[in-house]
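The next part holds the structures, each set out as structure tokens.
Presented sequentially are two complexes of chain A, the first with chain B as partner and the second with chain C.
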Partner chain A sequence: MKLGRYIAQKTVWYLVALVAAVSLNFLLPRLVPGNPVDVIVSNLSRGGSVTSEQQKQVYESYVQEFGLDQSLGQQFLTYLAKVFTGDLGTSFAYYPAAVNDLVGQALPWSIAVQLPAILIGWILGNVIGAIAAFRGGNWDRSVFTTSLFLSAMPYYCLSILLLYVLAVVAGVFPVGGAYSLGLSPEFSVAFLWDALSYYWLPFLSLVVVFIGGQAVGMRSMAIYELGGDYVSYARAMGIRDNKITQYIFRNAMLPQITGLALAIGTLVGGALITELVFSYPGVGTLLFNAIAANDYPVIQAVTLIITVAVLLANFAVEIAYGIIDPRIRAAKSGEK
Partner chain B sequence: MSTVNTPMAEETAAPRANTLRSFNFSGRFWVSLVLVVFVIVLGLAGLVYPTGPGEKVGSLYDAPGGGLPLGTDNFGHDVLAVLMAGTRTSLIIGLVAGVVATTIGVTVGLLAGYVGGWFEELLMGVTNVVLAIPAIVVLILISMSLPNSTIWSLALVIGITSWPWTARAVRAQASSVATREHIDVARLSGARLPGILLKDVLPYILSYTVMAFVLQVSGAILAEAALSMLGLGPSGADSLGSQLHWSLAFQAVASGAWWAFLPPTIVLTLVSFGFLLLQASLDEVFNPRLRRGKRKQMKQAAARRAAEARQLLERNDEASDETGAADEASDETGAADEASDEAGPAPDHSERSRAGEPS
Partner chain C sequence: MSTERPQHAPSSTGVLARAQNIRCVYGGGEEDFTAVDGVSIALGEGEVLGLAGESGCGKTTLGNALAMIAAPPLYVLSGTLEIDDGTIDLSTLSHDDVKRHRPYRGRTVSMLPQGAMNSISPTLRISSLIKDVMRAHDPRITKDEALDLARERLKMLEMPVRVLDSYAHQLSGGMKQRMITVISTLQNPRLLIADEPTSALDVSSQRMLVEMLLEMVEQRIMSGVVFVTHDLPVLSQVSDRLAIMHAGRIVESGPTRQLVEDAQHPYTRKLLGSVLDPSQETRARGIARRSAPVTPEEVGER
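Moving on to the complex of A and B:
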């Protein structure tokens, strides 16, 4: 029954993390001295792009929406109720657009770039790292140094270099954006084909760095396993190298699964800025514009979505780990 | 038994006696040192560079040349001057945040690992919760709430959000040190908790702490750059991130003004790569299992020693019938080989490589 306990324990911890994240998301912007709405509205009027009529509307809707005249606890409950019914509020900068719509437009672009980058990068990185560890010698040294260099490179630095070299200088890819001017997002072959040419650069800059990071981790895990007692024992027993390689790979893979959980958070953060570099219309660009315009509801929505996505991904990875890890499985059958 | 054999055997192992060699600094270490020193010199050079980072010396994106080695940026400022000032700001933020994060992380980790029990559960629970929430999100939320962010407040905020992985890794090591016998001796002799932690536990994980600090510094520099690029950088100070922020905002990449965006990109990459390489080569110094390149040398040394032992054996055979001594000598070299492979701390390596993930 250890697996059940393991899952229950993880669930509790992730729920606690979720509550903490939502509370931070609620509390931190309210630590601004004075009424946040006053600050925002005065900023809006300074920009001069908003008429006083709109300003008043924004002010009243915000005060009413979040019940700013109520106590902090009451406000938190209001906030929770709104969040859990899927209502993220109203944008300031694009009043009266709902935050839900803005996020809904941006999210598919981000997911389309990040999800394949995570999966492909993880698989390729592990295979490359394992090969480097088994081969050793010069092969290992060159793979290790290259991977270390790539994994050390911030995502956005590689993005800038790729954009400049491949798009501006060589002209192989279009410079920035997600689709050609004049097209609008739709599910047609022509549009998807066009979007694909814009897709390569952001995808490449994420996946290359991610491969590097995973390869470095896998290499050192595999080297560690190579020195294990069971390897010497298997060799002494005359077990073939292929079989031993299999054992090593399986054992070295386990910690890499938790490594995936940790890497997802970093990748999502890096992807935010990669989108900026390519002016890709995803969540990162939305966040950037919202910060520039002091659009608090959008910023809070984006940070909340990122947190929930990262927590969910980590939770899924940890549960998978519990199912895969033979120690947890063995303990389970042993107790029966 | 002839006593001649013992000094002979020691002589064959003489090359190991070199202190610098016993530290085993690889080529990797020197490369990383050069990179890190280069970045630090670049930051310090700004103090003697004649042009200030805020001086307007040209117009929008003047190409390099004519006394401006890297041209001008979108404000007409000297890119090289801005780069030097930015590097200095980034290094200061990195160091301050690194000190803050490492101090909190080591303190929490030591306490949790040493004290154990419910206290450990509580501290590690908090740590895991903080670790699960992406740091960039917390950074964005806090920086947004700060009305005026300076480089100091930013460094503090970055330090406060990036300690958890250090704490987790330190706890794992501290709890293994806490079960050793010398801790019991210290406790019996009346040492207090802070004394035990500082004098009896910390020294055993010091090598790890140094590596964690190196990673924290580079992580903080990158975190600052990320925040600045999102538009949440320190107000009134140039940093590598804010330089990139402005060059992106003014379309430097699309307009081909490479001198405006390549220098900060390259310096950021060098910082990040240099520090990570430094950490990896320190890891190799401390953990002999990762020393792959040296294996060939070890084999050569072992072969040489075996050959010498054989000579010794032959000479002994000629001199007398006491072959036992020579056998003993070759045994000794064999044991030394094994020791050099297995020696050194082999702490929980998975924890260590996990910690290698920059936050």
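Moving on to the complex of A and C:
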């Protein structure tokens, strides 16, 4: 019952946060200077064959089509009504493509490259960090130094480094893209095999940095927990080392779970720069292009997905924390 | 029950344990710090031996060596413990030595630590810790069997059984320390090393814990206690014999009353003389030192 009250309280707070985030998602892109229709019209008139009268007609029809002639409040209500029916609108830049389709095409690429990178990086990083803390000595020193170096390295640095060494110099992997020219995405062995060769570089550039960050965090937490009074007492009672390791791991895992959930939450936003470096057609690339074209519906759609994913991930962390750590459940639900 | 210990020769059945030539160092390199320097002590059946001394004199280190929980950077260079017709080599020069001692810990020699506040993992129920402690020495015991034993012990000590379902943060400081005492003695250890168990407690909790420990000794739940503390008033009530430590060595030992009333070593006399005296004379001296009467306003400023 106490856990139920804890979950109910959390749910209410996350709904409030969602409403605030959705409002900001709508408002912020519109505060950016410039008008999406200006971009479209200027692109149309580049050949010089369109008269100013025609430009005006095109401009007005697009403004009307996109609903930009309505008040901001009216636009917001229309946006909300569509969002709740699962319609993310029509792209301005790729008119008349539906935003749902654009996001649907980009999202699998981002998830495919990031989810395995995050999960594998999280598991390997935590195991390596825990082993370094338990074994100490030279093992700890070398793991800590390497992990710190990797975790401090920006994704794009490693991306460019890997691109140069493995693709340009060694020629082991293709330089960019997600699959060879002439192929189109499909579930066939030939396509997946081809896509795999393009997959390794963005995957490696993400996973290596993630392993470093997780190993540093886990090592610090495990060393802190190893010095805990409960560890000394458990030893004094004759409890075996493997059982004590479970106590330590459970307590040291708490901050690491936050890191995992937040990483999964933000993965749908794409690893923007990594995707750009490797010309990977994920959500990061989609968002980058949409911002350049003031494509409000696409920007709103991507930021909405990121918002919902981050909120869900945080919610999952809070619930997991409440289950794993009874002190947090007690503090949040007013229990002694 | 009274917390006053009868001052009698502790053992009619002989010596419970004899620790010989314990030498402990911190560091293990060329610049070691010797914390315990060739200490030997003996303990009779049913005896409470008080180990007193100022902070840093090596009494906790000696307790850790006896409880076989010394781990790097603390090394036990030498020492033996004769108990139950056997001799345990206490030296811990490597992690393998620490592992070798595991079967003795909690059962032959158990530990009651000072920091009961943090002695239980915050994500572990008391019942789970009890199960793990019991299974560490008897893997065949079921959780129910372990908890039945704990319930029986709690009832005997007139403690609430419901605490078994609690987490550490749900218990008061005094209850936590008493619960740790129950867990530490659940396997009827021959020797209990109580390391400053009352230091963090208020006076009423101190009294409850001391009474509980003495009852456990009377009931022979454990056969002997080494009570480590700097709190001489507590020791004078609890212990049958006192050993005074200074700079890693025992400078004087003897029956508690005899040692308190007729200390021979200058350090023992100095230590006993350092205990604050709440008599009128001391209070009067304190007041006389002040230059003017204390007003309520001054109290507010202090």
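The rule we apply is simple: the second predicted complex is superposed on the first by the 266 of 336 C-alpha atoms of A that agree within 3 Å, B and C clash if a C-alpha of one lies under 4 Å from a C-alpha of the other, contacts with A are read in each partner's own complex, and residues count from 1 in each chain.
Just so we're on the same page, a contact is a pair of C-beta atoms (placed from the backbone, for glycine too) under 8 Å apart; a residue touches a chain by one contact, two chains touch by 3 or more.
Small disclaimer: the values here were computed from a predicted structure and weren't measured.
Contact with chain C, but none with chain B, is seen for A:Y230 once the two complexes are overlaid on the shared chain.
Contacts of A:A152 after superposition on the shared chain: chain B is touched, whereas chain C is not. Applying the stated contact rule after C-alpha superposition, one finds that A:A301 touches neither chain B nor chain C. In the overlay built on the shared chain, the residue A:L161 is in contact with chain B alone; chain C does not reach it. Looking at the shared chain after the overlay, A:Y247 reaches chain C, while chain B stays out of its contact range. By the touch criterion defined above, A:L201 reaches neither chain B nor chain C.
Number of chain A residues touched is higher for B, counting chain B against chain C. Of the two partner chains, neither chain B nor chain C is touched by A:A215.
The residues of chain A shared by its contacts with chain B and with chain C come to none at all.
Of all residues in chain A, those touching chain C in their complex are 228-230, 232-241, 243, 247, 250-251, 324-327, 330, 336. Residue ranges of chain B in contact with chain A, taken from their complex: 28, 125, 128-138, 140-142, 144-145, 147, 165, 218, 222, 225-226, 229-232, 244, 248, 253-254, 256, 258, 261-262, 265, 268-269, 272-273, 275-277, 280, 289-290, 292-293, 295, 349-350, 353-354, 356-359.
Across the interface of their complex, chain A is touched by residues 67, 69, 71, 98-99, 102-107, 110-111, 113, 115, 117-124, 129, 132-133, 136-137, 167, 169-170, 180, 183-184 of chain C. Within the complex formed with chain B, the residues of chain A that make contact are 13-14, 16-17, 20-21, 24-25, 28-29, 31-33, 136, 140-141, 145, 148-149, 151-154, 156-157, 160-161, 163-164, 168-169, 175-176, 213, 216-217, 220-221, 223-224, 227, 255, 258-259, 262-263, 265-266, 268-270, 272-273, 276-277, 287-288, 291-292, 296, 299, 303, 306-307, 310-311, 314.
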